[in-house]
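Presented sequentially are two complexes of chain A, the first with chain B as partner and the second with chain C.
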Partner chain A sequence: MKKFSYITMAFVALATAFSGCKDQGGKSNGALSSNAAERVYVEPGKYDEFYAFLSGGFSGQLAVYGIPSGRLLKVVPVFSQDPEKAYGYNEETKPLLNTTHGFIPWDDTHHPDMSQTNGVLDGRWIFMNGNNTPRVARVDLTTFETAEIMEIPNSACNHSSAFVTENTEYVIAGTRFAVPIPQKDIAISERKGNFKASLSFISIDKDNGGMDLAFQIRVPGFDYDLVHPGRGKSHGWVFFTTYNTEEAHTLLEVNASQNDKDFIAAINWKKAEEYIKEGKFKTEATQYAHNVYDEETHMATSTIKKEVRVLDSSELPGLVYYLPTPKSPHGCDVDPTGEYIVGNGKLSADLTVHSFSKMIDAIENKKFDGEAYGNPILNFEDVLGGTVIQPGLGPLHTEFDDKGNAYTTFFISSEVVKWKVGTWEILDRKPTYYSPGHLSVPGGNSRKPWGKYVLAMNKITKDRYLPTGPELTQSAQLYDITGEKMELLSDFPTIGEPHYASMVPADIIQPKSKKIYKLSENKHPHAATTDAAVKVERDGNEVRVYMTMIRSHLNPDNIEGIKVGDKVYFHLTNLEQDFDVPHGFAVIGAENSELLVMPGQTETLVWYPKKVGVWPFYCTDFCSALHQEMQGYIRVSPANSNTELNWSLGE
Partner chain B sequence: MFLGVLLPLLLFVFPLWKITLEAPQYPTSLGMLIYINDFADAHPHDIKNINLMNHYVGMKYIPNAIPEFKIFPYGIVITTVIGLIIAFMGNHKWYLYWFIMMVLVSAAGLIDFYIWEHDYGHNLDPRAILKFTNEDGTAMGFQPPFFGTKHILNFTAHSYPRLGAYFLALGIALGLVAYFVGKREKS
Partner chain C sequence: MRIHIRYAIFSAFTLLLMSCGGKEEKKKEGFSVEREKTTTEKTAEPVPAANAVPASERVALDDKGVGPIKSLTLDAEIDQALATQGKEVYDQMCLACHRPDKKFIGPAPMGILERRTPEWVMNMILNPEVMVKEDPLAKELLTEFNGAPMANQGLTEEQARAVLEYFRTL
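So, the complex of A and B:
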């Protein structure tokens, strides 16, 4: 009997030990037990399922990641110079960064948005805003290069930008700051009533993506924070959140937070098109740069345009309506059906959702509750579609899946909350690490979301990674949203500060990605597309070197007759026609950068020889087994010397 | 017999042979198609890229044209005309002669192909950047296989006939069949 009880006790002890282990395991290895690791692991040589385009924030660039792995695939230089790729340093891309303020080598990028066809992401172009010196860029998704940049006149901090209508009719660009229009020397304290805002509509060429500033709508001088075009039933409208309807000019954290409600501005752009057709616009003199990169000449040109067509909302009825929305709303998001417009009132405890059909009804029945500078204000109760009650603190942005759910980030309470569109019921909440801004579901701001993941982009990482001194990375966190509850799968560091991201299934873009530029289509005026075209020409103190690069030599690799005080243009043409064989070019003492020339492309580096001697140049990209041999000499003679211009290879 | 005689004309449409080179750095293989009158890229720029690779070991550039490209098409046209005359004559013994002639012409073509390949793979620039030797100390050649698959340094080379060659072979075989059919009908 005694023996039996010992055995029983032993069993009990063992069982307790095992179950104890199991419990502990379940808690500490949550990711492993739910095989999160497997779900983000992409085998070597295999591809990610989605492309993610994340704005680089204050880096000024666009980062391309693979999802679910979070692997960084490319940083596309857009508004900032990039010495790695010679972007903004070589002669070909400098014009892209030209503005009416001169050459501006940096900007603050926020919202990449992809072109759409019938409300579905089509993978042709990414449009992205530059906040600081107001600009909108177009990135071509066959080359993953910046193809066009347009400066936005009458704008100051181009934040409510650059979002795309459902057939890419327009890219919308609003202004966060109101300013005097036209600009003038005026006391800042006279802001209220005197400063105005402009909402720009850039039309997009259906075939080549070319941008044209079609018109601007002049609106009262509030801060226009974020924007989303309507879709489906609300196609033809566009919705802006506003704050600082107080029109304060100082200590905005207090003075712009006094009104209980600010507005969502609903703009009827189909009506605007009618007014344009009827000629009811004013043509105003202004100046803005329009910069276009030509893929055949491999060069950008910058043109200063001098006029803009303006529709004044206070004089043209039916263009603008204001929907009262609590507490300085930030994100303005439209659900896939186009019926609901979410105003993420960042200082509110609740989430306000307006109904498009109720708004139309209120407009048709003229149920107005006052006006702002001649623009009707609708009744809050008349347009309210629903309220998500106390979902969290500090709602910023909302995206949608394909099952009628919405996902909202909460900056202050640091979480993502899932709720049901229509019933406004809260379904789930998961913490983020820490303080997310935007979030992104593939296609989550279009008519067709692919509701597999949500990516939350965090402003703060604190203790999440190995520390790197005072400056830490920011991060993106990936959640699986296929189940009832969201599951955190992974997080990964990002470049700059990611604001918004556009995600799309890889197969929409992958087959169209270019491998090379065709040498036979190279129309660069200084290209040497064959070795026979290699030459060095002098015109006064300007010397042009027409050089070719192919495995594994630069032609010519010996140059003589250059003099101190010359301005030397190295025009490098990569003769390769094979995938992934770029060649680089660097020359000692260059004040700009290297060149990184893709197969079939021509790029130009300007070099000022300052010292007499024989100086090296070489290929910077490990191109082949004989890469180290891909080098040459340039002889620099005194300014007054008679050394003959001479160039050679293999002599 | 008519069919047999006409089938080799398809050589003007379909390639005769294909040489394919595979290597880890070329997830899409490099390939060269050999037509009766031309060399062609299997994918755009393949021949240029094969040349780029091969210059490291001192191999000559694959020429845009070789003299055979002028001779072969005449050969095929002439044998076809002869074949057609024979087919009209309807004498089955001549079918056999045509068959033998075609076999000899094809064999000559293949021998020529082999000689070109051998020269291409062995007649190397003495100033070649990379020189390899066989175990016995002789200079390594880079001749692609005549028929089949062969490993050459980091490449796997395949060399196989293509549709054009199959039509030629089928045409020749039909000539022989026509001979036997004709013979049986007569007896």
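So, the complex of A and C:
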């Protein structure tokens, strides 16, 4: 017994000694002494703790990474065509990229934001904005596919978008450029006072995520830069940063930096809902595309909608208030309690934080300091909650942890600064490499952050990785924020330019991830869900091939009777019902891409045969030991030939 | 030493046969080479008696396979309604590789219950990944059918049972 306790004591002493070393190491920045490597290492076959959804910037896509490893899990095509997945190339997904400007195969994605229930990330959908041709997309997180895209009318550069309210009542979409509404042919120099902005509220169906443009609020023609909905006590409001309150139309670099203060626009959307109920809106004629992908037909449809309900803030009191905020604020971030609204004035030396309760008090007591086109301007001192004094240069964005701390990126001084909400004291600062834009804490813009990591997404990469010619990827840096001081753990390259990221614990999404599409639920009009349905049909010069794919053959694999000048639709149905058995399909000279068909799914490739001969088609995704055998021939005869339509497998 | 001698004799024999095949090849088209070679190798190798019959034709009415189905007794009467349901499932999930009455990608199910237990058939449908690794017969079948793996089509036990009933009608 005595012997045992000696051993125990010795063990405890030893363990203490070891953990002592560990603590010491934790305070240093060196990866080796701080076991940073261990903390981002995920063993082969093991899973990451968090999903991170990073916008793909000018790639137009959404990148999914595992955190802490930084491993790229998937690139979800959203606004740009992707030949790897046939997105925007196959007949089923083309309608998703339809707009009133026609088929637009590219966009610039900025802010992915996840749906919430009671202010907590719920892992159902990611909403993301397309900046250039204003659009908002919904990505379904059971399939990790784009399920819906809505064009935003009366908008130009959809930057202050696509953030969700705390019960996913609305997705908010502002506009960076003010424009003539309705559009007309006028002199650009007439911008001031004549151009207007629209703030769009897209309501979200609680069950299926379906988007509907509920209403727009017409506001003065400033540049509405970023937005965050209120939460907790400020639920029912949204806050937009503005710049160019000068309403300049040229050389904005100088002309939009004249005013000492721009505004944060506080919008009362509950009040807006009341006005809508009371019928105080105008229905305006406009046009915008609404594109929806149906998981049962495996097809998207595009509808052009023709009108929008508009609330004019200059005529309807109580909708919009302006909070003066120093020097062209960029990020607009609300703390988890909903009390504090951080205006990151990018040309200001200090960080301005407004108080929601002070704002309500000022509104109730009508303490106004003027008006802008009929909208009250509040007094700066009356709404100021606090100031973080000289934290760094060029503040852009702020996120929060679950311990009352805030983390702000500084573009010019290239760092992340940690400060205390309420006391405004600066607690820590760590360099980034280089010039961060947004940063992200899991749940860091909701009521419930998981304060384990902060991910800084940097604009400039320079010497961080092996050079790859003049063009480099952007870098993202991961910090551990569980201790008093932040610790840089790792950095990794990203696709496109990641602007914002939404991070969430993996167990919120992982169990709901879909494995296959059920063949029995496949309602594609040209599906062949059984081999009995395999056929080739001709209607004039249009030929439809109803083809099935299963390890390891395509049925039919011999097709004859196709002629030069035909338009051939290959409708491919993958008959597999097992996880991770997609099949690909490629045919020589196809002008679009391959197909990549998931188990139970149907996809269509259009092919124009141009040359007489016998031509190959094959499976592109290595599916089995006999994948190389998964191939076939299509015979193309001259336009005037009488070759009979014929198809077969194994004959 | 003895092994060496045996090996030498075997090699010589093989060479002899191969050269015969080569000679024949000149008369025929190039494609037949492979086929000839396979035949000669088969006869040259001493084959265990039990494997003389291919796995697909062998009768194994005591092998229940590996999987969730441990014991299953079939009624004397065929349940026609169940068989009809089974055909529907079969046509959608299985037909692409298994023609009812002839060898295709995989073996034909016609007469399967003369060679296999009902448990083995259902385990092959429900648990193919494990069957081809752990059940000796399934393992041989994979080789016999060119290494084309039996796909797990995600049938429920009820669906697999219905498909089995359909097989009884073939």
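List of remarks:
By our rule, the second predicted complex is superposed on the first by the 622 of 651 C-alpha atoms of A that agree within 3 Å, B and C clash if a C-alpha of one lies under 4 Å from a C-alpha of the other, contacts with A are read in each partner's own complex, and residues count from 1 in each chain.
Keep in mind that, in the parts below, a residue touches a chain if its C-beta (ideal position, glycine included) is under 8 Å from a C-beta of that chain, and two chains touch if they have at least 3 such contacts.
Keep in mind that what you see is a predicted model, and the values were worked out from it rather than measured.
When the shared chain is aligned, chain C comes close enough to touch A:S520, but chain B does not. Of the two partner chains, neither chain B nor chain C is touched by A:A285. In the superposed model, A:L466 lies in contact with neither chain B nor chain C.
In the superposed pair of complexes, A:I188 makes contact with neither chain B nor chain C. Of the two partners chain B and chain C, it is C that touches the larger number of chain A residues. After overlaying the two complexes on the shared chain, residue contacts for A:T548 are found with chain C alone; chain B is out of touch.
Contacts of A:L251 after superposition: neither chain B nor chain C is touched. Of the two partner chains placed around the shared chain by superposition, chain C is the only one that A:G650 touches, whereas chain B remains out of contact. Within the superposed three-chain model, A:D531 lies in touch with chain C and out of touch with chain B [touch as defined at top]. Annotation: chain A residues 516, 550-551, 576-578, 625-626 touch chain B in one complex and chain C in the other.
On chain B, the positions that touch chain A within their shared complex are 28, 44-45, 48-49, 52, 56, 129-130.
Chain A contributes residues 516, 550-551, 576-579, 625-626 to its touches with chain B in the complex. Across the complex, chain C meets chain A through its residues 91-93, 95-97, 104-105, 146-149, 151-155. Listing the residues of chain A that touch chain C in their complex gives 516, 519-520, 529-532, 548, 550-553, 555, 575-578, 581, 624-626, 650.
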